Amino acid sequence: MNLDNVSVSVQLQDFDVSAEIQRLRNQSAQVGAVASFVGVVRDINDDQTISILELEHYPGMTEKSIAEIIVMAADRWQLIGVRVIHRVGKLLPTDQIVLVAVTSMHRGEAFAACEFIMDYLKTRAPFWKKEQTATGARWVDARSTDQTAADRWKQSD
Amino acid sequence: MNLDNVSVSVQLQDFDVSAEIQRLRNQSAQVGAVASFVGVVRDINDDQTISILELEHYPGMTEKSIAEIIVMAADRWQLIGVRVIHRVGKLLPTDQIVLVAVTSMHRGEAFAACEFIMDYLKTRAPFWKKEQTATGARWVDARSTDQTAADRWKQSD
Amino acid sequence: MVQILFFSLIREQLNTDKLSLSLPSPGITLQAFTEHLIDTHDAQWREVLTSANIIKAVNQRVVDDDCCLADGDEIAFFPPVTGG
Amino acid sequence: MVQILFFSLIREQLNTDKLSLSLPSPGITLQAFTEHLIDTHDAQWREVLTSANIIKAVNQRVVDDDCCLADGDEIAFFPPVTGG
């Protein structure tokens, strides 16, 4: 994968999936598949109504860790481009949190790499969520199911 | 899944992924994950440069077969909404061909269902591609790899 | 009457996109009906309609050759699909 | 000097987001350095910095306790990540 076709942003503002996909498609006329994932703020989590979701991160390490995850994905699958955007700051229910979009010639690679990048981002990129609920603020607990999802990708070699 | 949250279109015109994802997010504030796939016309296929890709379909059966595939997906995974758009008519390299977008509370379901729907659409929905190349027009051959991809989902029960 | 549709390469090879016919007998199988189509057309039809990978649908659902037809059915012949 | 960063729940529990310190000795392990931080602060620091699931990073890479530190390092303490 040409590293010019990799882009990672951590930002306060929202993103436009169509515009991001358009940019990925314009990188090469060999793009046949675009797999993408958007994470969204839910209004209820662990039985509590969420009014605000606040995202903290470790500036510098977040971008670096996501870039490393993308390199791992590019080692495993034949990819053309990758775009990752992760928002930080205060978000509301139904807001977009994260975009992972991956292009390849054929769809199998794009699907696998997109899910791989999300699973690793969830367990390795230093972001933390704090929820505002009716009974106060709480830091979101890490889920063991996220670690299980990431562990699926370990290669037995 | 509420069937009001399922929509299938076969159309000549292009689509706007952001607008489609926005509509899916607005269906429920419980949407936490949006997995989507966009298929794109490549400029070279089987070593030949493609000038135009023409898509023929079987009106009525296409919509019906895609709706059946979505019902199968909703039986296997807990989904909130599904949107499928497939273009027909004359397309050019880098044009969008197909969109499959799936929402769920958690990402595993959305990813799996999105890939499942694409794999089944590829092998079951009655569309046919004809490529215009420098040496004339040719109907695209079905790929055995597409059948293999669909067969992966067969349940051993 | 039944309606018969041809798509893609099959349509081009037969130079026909649709036909309306009376069923030669009620409850005839799709296999027998396909033979009837072949017998009432030129040699090209035999070659095309007996090709190994042809797909047949009745009322917009893929079926086997032993499917029984009824008046009003929509019958379609097409090659393996290549959408997506 | 090394820079020490605290994030999320750890930052709140220690009421500290960053510190600058001289390394007590060159080549000290992260484990010994963490003990040094605990010894030079109140009891709350022991509880927080020895919690089972705390993650430590040096120069923006997750490391083990036996990692050796050098002058100029950036050291971070944070809970399991929950982004995405």
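We just call them A, B, C and D in the order they show up, numbering each chain from 1.
Everything below uses one rule, namely that a contact is a pair of C-beta atoms (placed from the backbone, for glycine too) under 8 Å apart; a residue touches a chain by one contact, two chains touch by 3 or more.
Note that this is a predicted model, so its numbers are computed, not measured.
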item: Centroid-based (C-alpha) most distant chain relative to chain A; value: C
item: Chain B-chain D separation of Cα centroids, rounded to whole Å; value: 48
item: Chain centre separation in whole Å, for chain D relative to chain C (CA means); value: 74
item: Distance from the mean Cα position of chain B to that of chain A, given in whole angstrom; value: 22
item: Residue numbers of chain C (touch at least two other chains); value: none
item: Chain B residues counted as touching two or more neighbouring chains; value: 39, 118
item: Pairs of chains in contact (touch as defined earlier), listed by label; value: A-B, A-D, B-C
item: Of all residues in chain B, those that touch chain C in their complex; value: 39, 55-58, 60-62, 64-65, 86, 97-98, 118, 121-130, 139-142, 146
item: Chain A to chain B touching residues, read off their complex; value: 16-19, 21, 25-26, 29-44, 93-94, 96, 105-108, 110-111, 114-115, 118, 145, 149
item: Of chain D, residues touching chain A in the complex; value: 5, 7-9, 53, 57, 60-62, 76, 78-84
